[in-house]
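The letters A, B and C name the chains in turn, as written, and every chain counts its residues from 1.
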Amino acid sequence: MSTKPKDGTDIAAGLLFMAIAAFFGWQGLGLDMGTSTRMGPGYFPMVLSGLLFVLGAVILFKAFGRADDEPFGRIAWRGIGFILPAPIFFGLTVRGLGFVPALFVTTLIATQASVRMRPLPALVLAVAVTILSTLIFSYGLGLPFRRFGPWLPL
Amino acid sequence: MDLLSNLALGFGVASSLQNLMFCLIGVLLGTLIGVLPGIGATATIAMLLPITFQLEPVSSLIMLAGIYYGAQYGGSTTAILINMPGESSSAVTAIDGYQMARQGRAGTALAVAALGSFFAGSVATFLVAIFAPPLTAIALKFGAAEYFSLMVMGLVMSVALAHGSVLKALAMVVLGLLLGMVGTDVYTGAPRFTMGMTQFADGLNFVAVAVGVFGIAEILRNLEDEHDRQVMTKNITRLFPSRDEFRQMVGPVLRGTAVGSVLGILPGGGAILAAFASYTVEKKLSKHPEEFGKGALAGVAGPESANNAGAQTSFIPLLTLGIPANPVMALMIGAMIIQGIVPGPNVVSEQPQLFWGIIASMWIGNLMLVVLNLPLIGLWVKLLTVPYFVLFPIIMAMCSIGVYSVNSNPYDLFAVAFFGLLGYVMSKLRCEPAPLLLGFVLGPLLEENLRRAMILSRGDPTTFVTRPISAGLLVLSLAVLVLVFLPQIRKRRDEVFTESDA
Amino acid sequence: MTLSKLMAGLFAASVLTAPAFAQTYPERQITMVVPFSAGGPTDTVARLVAERMSADLGQQIVIQNVGGAGGTLGAGQVANAEADGYTVLLHHIGMATSDTLYRNLAYDTLDAFEYVGLVTEVPMVVTARADFEPADFPAFVEYVKANADSLTLANAGIGAASHLCGMLLMQALEAPLVTVPYKGTGPAMTDLLGGQVDIMCDQTTNTTQQIKAGTIKAYAVTTPERLPLFPDLPTAAESGFEAMQFGIWHGIYTPKGTAPEINQRLSQSLQKALADEGVAQAMADLGTAPSSAEDATPEALKAKLEAEIARWKPVIEAAGVYAD
């Protein structure tokens, strides 16, 4: 390992920006560039991708020769594992299961992201959130959600 | 005087007991729904719109206006308390407001936001009353070239939103611009970056992106080391601003009001820029620019005033031209039509009670908002004493409902999760989300107007400098660039030198 | 404790929303999908009739805005919904044009729906900026033909009413104008008012107030006869442009397989709603009129959809624009 100082965070940031730029550039290849009078759908994104790539490269370049002033810190793996699936689950099931069960499970999933949450309080919280939200949004405001969807044998 | 008799007519209409009550209900409901995380002004109004249909036209519009102010303030409240802006304008409030909340100054931040909004709202209401017709004429002078130059100015300003590396902030702006390109191309109908999913044909949902990169990313950050750290300071010092803090907010509020009133008039994107522009101005004028991003009072007072003033003056194109400046105004038009009023240039002359009644109720709505919300601040701040592990599942549930309610599109929820992850990764890499959001909002406008300007000028790029307003804006952008950029580069260079010395 | 306060406030408000009564077919609330965002012209039409239909059906019809991809997302959702009569779709002419505009549509337009009836047909007006030189429609035609390559034509995006009308206008006049697309009618109209663009052809819903105020100039309407609203405006057909007859028609659909009785019941209810004076007045203010009782039937809508798909296919293919 080199002993030269380098900013690991900025190296990662620079690389990430470059990767995203490359991705957008690649995806934009099939789009028409057009002319300067009538710019095609690909013109502006291509300029932006190029710009982002250059910015990423500069960030990467400047990261060498400088120490990382702030450690990367811990990563919230548990949070990622439970917080992010919550809205996805809601999206997948709100039509099929209906508003009430979808919201209940969504909240229950989200509660599991914290190590401090024990099973019983989690259940109580999910029930409370579901009941209140159903009263507010479905009955109170009359939003067009089906409370119980066709996937349920009701 | 004409104006006085008109205003008297308006206040006569708006201050009937019945209309006052509807205004109050509107403000209250707007605040209560808007304060739910992930539910911004657009979603709130869309949800509450049907309630107003049963009322008479004037009452219905007064209530709607109340809902609008309430929702907007509610959106600022979530931005400050849990870093979850529901609207592009409150994204700026989140930057310093949330930091204030973390320092136990949530009450102060909320009070400053409420008072600043009230002042700005009052001033802007009178501007609407006095200058509506002539201001409209100015707005119509704005063609594609002018909008393009205006957006360029906005992007230049976005650099000031960063409190870390300018380079990374620029990269985030460009990333935001790219994300704004997702969806069907307005000019050719070609789908761009949609991965073949028609659900993204209209682009990524703003609320989904904002909730993801701000709110969800913040929740994840807070969950990193929940064993050994409290998320919020529980010892809330004071609810209301001190005399000294009052003094500090006067300047930002006045300037924010001015900036917001001017930009709000421009349909399509003007009001969006107001809060960002005000933040830039305050950071530039401040004696302590280093405080910005770390809980600067001026960073809340200015943008909140600008935001509210802009919201108010954006009624001008609606009332005088019948043209909505933003999605919220489009909803208002829908409400008017259902009430049998077709908004257009003739509303002022044909239905004076309606026109002036709405203007008067704007001011009354603002007054109610401040009267209602100052006592509620204590309640909102108490929310922070709820243990975080109880609070965030509720936030997740509300976000899911809020994001889904706008378009009933499950893909918007998938986008929330994706942008939550992206926002988290970016924050781990010390890249700030606010510039990304600004880029995302301005990107489509920038491209659309650039291309339109080029079509209209038959491919002649000098159109941007030969049209006087556009040229003026570009010169101004250049000035801002010099003002904002040079000291930052110098500072950055100093930092680099000191770091490598160490 | 904070939530209970919040609840109290909301309950107080929920009293304002209307109650519902039970009956045989509509036993519960009906969802009317509008494939565009709330507050737009289609949403407005939907809310106008939904309110009156609710009164007749004895069940609340709630509007669900499923915007996106020119209305095809909302239509797709209804195509896949249960055919029980509790999900209906209110869509406009886009139902027919999207069949050609979108080459990989997720549903088969003619085979995925049942029909309830036509709701209204909004006429189009050919308009130009207030200081546009020609005095009347024949002069307009001359002028546009002579200056085709220097005049600009605004539209509100691919597949929008103004886009369709613009295509027809250019074809009829054989004048390839410089088209300038916008994102929605609002910004397009703003630029027309400001004189940034020259010509736009759009629905009366969007243009009536501006024409009356004199902020834009109107040249012709696209209806078979002159409009009561603008008795002085000639029809395009009067000047020999028969092809320029069209309007933005709106229809109500149900998913394929919905029982005929349900469609009939909805159709009856639609006819009653359209006969309502309040609805007629609200539509008149927008420069349109409710469809007749004969048109508000499943048969009429089916015929209309088939005819319109056939009509627009060649127009769109000739213009070579696709939205997918």
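By definition in this document, contacts are C-beta pairs under 8 Å (C-beta built on N, C-alpha and C of every residue); 3 or more make two chains touch, one makes a residue touch a chain.
Everything numeric here is computed off the predicted structure, so don't read it as measured data.
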{"item": "Contact-richer chain pair [B-C vs A-C]", "value": "B-C"}
{"item": "Far-end chain from subunit A, centres as C-alpha averages", "value": "C"}
{"item": "Whole-Å gap between the CA centroids of subunit A and subunit B", "value": "22"}
{"item": "Centroid distance [mean C-alpha coordinates] between subunit C and subunit B, Å", "value": "31"}
{"item": "Between subunit C and subunit A, distance of the C-alpha-averaged centres to the nearest whole Å", "value": "36"}
{"item": "Contacts with 2+ other chains: residues of subunit A", "value": "141-144"}
{"item": "For subunit C, residues that touch 2 or more chains besides their own", "value": "6, 10, 13, 17, 62-64"}
{"item": "Per-residue multi-chain contacts in subunit B, two or more chains", "value": "50-51, 187-188, 408, 455, 458"}
{"item": "For the subunit B and subunit A complex, residues of the former touching the latter", "value": "33, 47-48, 50-51, 165, 167-168, 170-171, 174-175, 177-178, 181, 185, 187-188, 190, 192-193, 216, 219-221, 223-227, 387-390, 392-394, 396-401, 403-405, 408, 410-414, 416-417, 420-421, 424-426, 428-431, 447, 450-451, 454-455, 458-459, 461, 496, 499-500, 502"}
{"item": "Touch list for subunit A against partner subunit B, complex", "value": "5, 9-10, 12-13, 16-17, 20, 24, 27-28, 31-32, 35-41, 43-45, 48-49, 51-52, 55-56, 58-59, 62, 65-67, 69-70, 72-76, 78-80, 83-88, 90-92, 94-95, 103, 106-107, 110-111, 113-117, 121-122, 125-126, 129-130, 133, 137, 141-144"}
{"item": "Subunit A partner contacts - residues on subunit C that touch it in the complex", "value": "3, 6-7, 10-11, 13-14, 17, 29, 31, 60, 62-64, 82"}
{"item": "Sites on subunit A touched by subunit C in the complex", "value": "128, 132, 135-136, 139-144, 150"}
{"item": "Touch list for subunit C against partner subunit B, complex", "value": "2, 5-6, 9-10, 13, 16-18, 37-40, 43-44, 47-48, 51, 62-70, 72-73, 76-77, 101, 106, 152, 157-159, 178, 180-183, 186-187, 189-191, 193-197, 208-210, 212-213, 215, 281-282, 285-286, 321-324"}
